[in-house]
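Note that the chains are named A, B, C and D in the order they appear, and that numbering of residues resets to 1 at the start of each chain.
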Amino acid sequence: MIIVMAPGSTAEDLERVKTKIKSEGLDYHLSTGTSRTIVGVIGDKKAISELEMHCALPGVEKTVRITEKYKLVSREFKQENSVIDVGGVKIGGPEPVVMAGPCAVESMDQLMEAAQAVAEGGAQFLRGGAYKPRTSPYDFQGMAEDGLQMLRKAADKFSLKVVTEVLDQRTVEEVAEYTDVLQIGARNMQNFQLLKEVGRAGRPVLLKRGLCATIKEWLNAAEYVMSSGCDDVIFCERGIRTYETYTRNTLDLSAVVAVKELSHLPIIVDPSHGTGRRSMVSPMAKAAIAAGADGLIIEVHPHPEVALCDGDQSLTPEEFKKVMAEIKRMSAILREE
Amino acid sequence: MIIVMAPGSTAEDLERVKTKIKSEGLDYHLSTGTSRTIVGVIGDKKAISELEMHCALPGVEKTVRITEKYKLVSREFKQENSVIDVGGVKIGGPEPVVMAGPCAVESMDQLMEAAQAVAEGGAQFLRGGAYKPRTSPYDFQGMAEDGLQMLRKAADKFSLKVVTEVLDQRTVEEVAEYTDVLQIGARNMQNFQLLKEVGRAGRPVLLKRGLCATIKEWLNAAEYVMSSGCDDVIFCERGIRTYETYTRNTLDLSAVVAVKELSHLPIIVDPSHGTGRRSMVSPMAKAAIAAGADGLIIEVHPHPEVALCDGDQSLTPEEFKKVMAEIKRMSAILREE
Amino acid sequence: MIIVMAPGSTAEDLERVKTKIKSEGLDYHLSTGTSRTIVGVIGDKKAISELEMHCALPGVEKTVRITEKYKLVSREFKQENSVIDVGGVKIGGPEPVVMAGPCAVESMDQLMEAAQAVAEGGAQFLRGGAYKPRTSPYDFQGMAEDGLQMLRKAADKFSLKVVTEVLDQRTVEEVAEYTDVLQIGARNMQNFQLLKEVGRAGRPVLLKRGLCATIKEWLNAAEYVMSSGCDDVIFCERGIRTYETYTRNTLDLSAVVAVKELSHLPIIVDPSHGTGRRSMVSPMAKAAIAAGADGLIIEVHPHPEVALCDGDQSLTPEEFKKVMAEIKRMSAILREE
Amino acid sequence: MIIVMAPGSTAEDLERVKTKIKSEGLDYHLSTGTSRTIVGVIGDKKAISELEMHCALPGVEKTVRITEKYKLVSREFKQENSVIDVGGVKIGGPEPVVMAGPCAVESMDQLMEAAQAVAEGGAQFLRGGAYKPRTSPYDFQGMAEDGLQMLRKAADKFSLKVVTEVLDQRTVEEVAEYTDVLQIGARNMQNFQLLKEVGRAGRPVLLKRGLCATIKEWLNAAEYVMSSGCDDVIFCERGIRTYETYTRNTLDLSAVVAVKELSHLPIIVDPSHGTGRRSMVSPMAKAAIAAGADGLIIEVHPHPEVALCDGDQSLTPEEFKKVMAEIKRMSAILREE
């Protein structure tokens, strides 16, 4: 059960609720957001039922029964869709939001060229990795803080927001300084310490699905972020690992529908990692929007043939502009329905 | 290598080609279509290269080098898209084709109601199983020939074509009598004897992807059908088996793009089996069209709550009409691109 | 529920039972074995409970409640392990049974050499494919009836039994003439027509697990064979398809334990297809026996480097003898426990 | 290429090698072990070939060409098996090493009872989680430092070594104080920051395979640990995620053989998480040893029915003793071969 404290409730009200919970032999989990405080009650089901009947305490707005382990994340907890506002860009609203840019930050020139291209194409966000999780320790690991500075500079020049990955608990604060949205990569989806730290960093979080995570595990990972204090989680489907080898991953677009059914949070799709093949990015981007995704994250590189990573799956600026135009027309049609 | 005989070539021309092949120590595979004869040359690569240089024989239209094991199926063999004409309904052309109806034929009443609904919704085909492949021998196995007769009757009444599954080598001829398109189900995708027999039955074949078939295995399965004499194969993506349990299968829409890259044959999508959940059928149907699918096969039941099989994934007639209208508008937009 | 008729029961007894079942609005499935007749009752659970209470009819030995869809196959139906006697070779008893030989029958010489080697190594069965299920129609499809004759001849010369695959409903009888055990390959595990036909062929059946079949689907496939009249089904774990590409398949030895828990039937393991790598065959063969398998099926080729198929995973005669000696000593130890 | 510095080489020798590498336009990676220094050369293949021909510098013992991305880990780099000595217990030697204990540390009493049982059964290590990675933030997260103290105390009392998981970069030092071997759990196999930190902690590392990690990704993860300075990595196969739901994971014993082929490092198996079912732990433990594993990690709980986590897969002390006796006899037989 979750107890939602009323907006104007006092510290005493909260104290009274906590005492009541403890007196029933139960425990609680506190989530203090900017506008409201939520008390998640944990423990024996019977005791929770008892408590529910006697919970008409001052300062309590409502109590909500949640049947799944994930609570703050669930559609049961919040009926209406969450719209996440990132400095005026609204994720989860009627317009799809597009994040685009190179896999890795390589140089100021590359980034400026990329930023211009994605801005002209109509993207709202510049993406790019300054810290790269690589299978081998001998592969390019990213430009670190230099890369973050370049990202910010290029984005600002073209009025774009920044989304970039954070890999390391110790650099969460540093990365948060430069970025508008903190990205958790697929390999870290169940790095629970990192989830808790980004949850406390005061930035919206883009949570990629793990390589073989179930939908429910993914929702539980988001619950780690939300229960650490961050209300603004955006899911990102990026393909799952299957036996098929023709594509790099198998992009699971039904996950878009599933997340929308089970959660109030927005979800975007990454057709670049989801397929690993340039020729598939555009058709799968359109399919994602048709399935109901709130946006896309797409790899765009001014010169894919010389990219330090993921060149095979990066669109050229021209290809990007073309698919953006198609998506715009398609999503206008879909909105009318 | 494949040797394509010219339309007006004679039996003697063909004989000369065969003799030449044998004289080089190679073997051949003959594919005699309605309009052309194709000689697939099999054997040692060097000998094939030799042969190619000396193959300017009378009656030979062209020779084609094919790098994959599947040949007739491949885009290398035929550059332009194949459009399959089923009594005037064109699969693979600009308009998406929709096959709809109940999972299993249950009664004449059920089928008439279903046929009317899908015809009114704009489907061109009535689907329905008369022979059902069931995991357990104690589950409903279908109405057999009675079911076939009902299907034909209901389809004819509403000017629909029929597509239905054939399970058994011994009933291929019987089923072919009643149906316009012969369906090979996922469990039989590598039942090679059945593939050969349906290839000889004189009907277009709808070839569902196996539960854990790779794209390449699927193309090779189609090669079995084509090399047995049938030019009209339609692929059907229906979801693959993964670790995810929220959906019945994981619908792999990137397979649509892959098949279009590798083959000239059309491909449709089955969002009903692909997801196993009614709420997901419409969004995934739209996503399939956006990804470039040539059509859909959708389970529609007049009363899903009493269906003998797959009720959970069947649309009601109203839901079907709604998604058909959406698809129509969306595909008009996509065609303009 | 299953009704087991007593050994001396009459046709009238059976008739009375059938009438009783029908009068309760239920249906039945008849399994007439050599020594007993079993009536599987199918239908509404409440009606079955009713029937159970009033089923003390003449000729009825016992009634058994089965909670799973597979009934004859289940451990609930038969507590003790089934031991299948193939002309004196006992599968499911204390000694592991080994089937060995080449992937495909290639020539009389090859087979004679292979048969001698596997007999000397201590195998009880000669394996070898006369009909081969191949991904591509242009791959070697087997020597057909000639191959069957060679198999029988080579096996007889070295006092071995024969196990070989049947692919085609139309050749079940032909294959059954030459072989002691009929093998159903992985690709045909859910070819239900073929399962029914081999169930009626009067030979024990070796049922390989499908490439992505669950344990329960596999047990249900065996139920198709048993409910068609064959009591002697042997399971064969041969690896499942996963994302891992280092091995051809992922050999699932926990399936050995699972099958032993859920069924009374014996199970053997195929480490050759299960790994696809010669170097892995011996360690995985030993692991299979340690996990409790009743035997092994191993590819052995006198000259793996020139094998027409699966040379990479075939043991040489020397390697085979070595692993056989190890297994013998290991299984003696395991039996003492 | 890897350049191995001779045991008595000087700092000047090393400096000369570095300068040489840089002068060829290449980069290097330094691995300074207790007894030797290794210089991994990274960069363009042609330049590396050049360098190799001119690398007869003072202090260089040998140069080794490595074809895979993982180098220090590979069998190419080191031919003989590595034996890891943990205070006298040798992992990778002729005797299998067994780590056993509860999933989570729950109390001093529970742990003392468990430690006594596993010591009596013949285990050399006490296992137990003080920090638990849990899917939901509301599940029991472990007793933290209190748990570590209890582990150490209980292990010392029964002369056992300790292995326990570290989840958090910030607690690596703390955990290293109490434990003999640092465990990296499956969910953190590609948490590269954590891998680097445990690599610098001065303790042997037990590296569990990720839920859907390929063998090669796993070897690369070990390369992160080794290239950070730790020579003593032990692999642990704990089951991979597949479509099968009867078992918690699919235990991939062929991975034991694969790791032994590709690497010189030892590998143990976790049949508890690998199957998730108590009844399967003993047979799969024996199978692991038969496949060539260097040891086992097994969940044992004095009272599985009240365990806070993983009770369903924990052996009782009696079951543990029984399987240990069987393994002892079996491994004696296997060693003779």
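Everything that follows uses one rule, which is that a contact is a pair of C-beta atoms (placed from the backbone, for glycine too) under 8 Å apart; a residue touches a chain by one contact, two chains touch by 3 or more.
Here is each chain with its UniProt name: A, B, C, D = 3-deoxy-7-phosphoheptulonate synthase.
Quick caveat, the model's predicted, so the values are computed rather than measured.
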Reference chain B; chain at largest CA-centroid distance: D
A-D compared against B-D, more contacting pairs: A-D
Inter-centroid spacing, chain D versus chain B (mean Cα positions, whole Å): 49
Mean-CA-position distance for chain D and chain C (Å): 38
Averaged-CA centre spacing for the pair chain D and chain A, given as whole angstrom: 33
Contacts with two or more other chains, residues of chain A listed in rising order: 212, 241-243, 245
In the complex with chain B, residue positions of chain C that touch it: 29, 40, 42, 69-71, 133-139, 167-170, 187-188, 190-194, 211-212, 217, 220, 223-224, 227, 241
For the chain D and chain C complex, residues of the former touching the latter: 212, 214-216, 240, 242-247, 250-254, 256-258, 261, 274-275, 279-280, 283-284, 286-292, 326, 329-330, 333-334, 337
Chain B-touching residues of chain D, taken from the complex the two chains share: 212, 241-243, 245
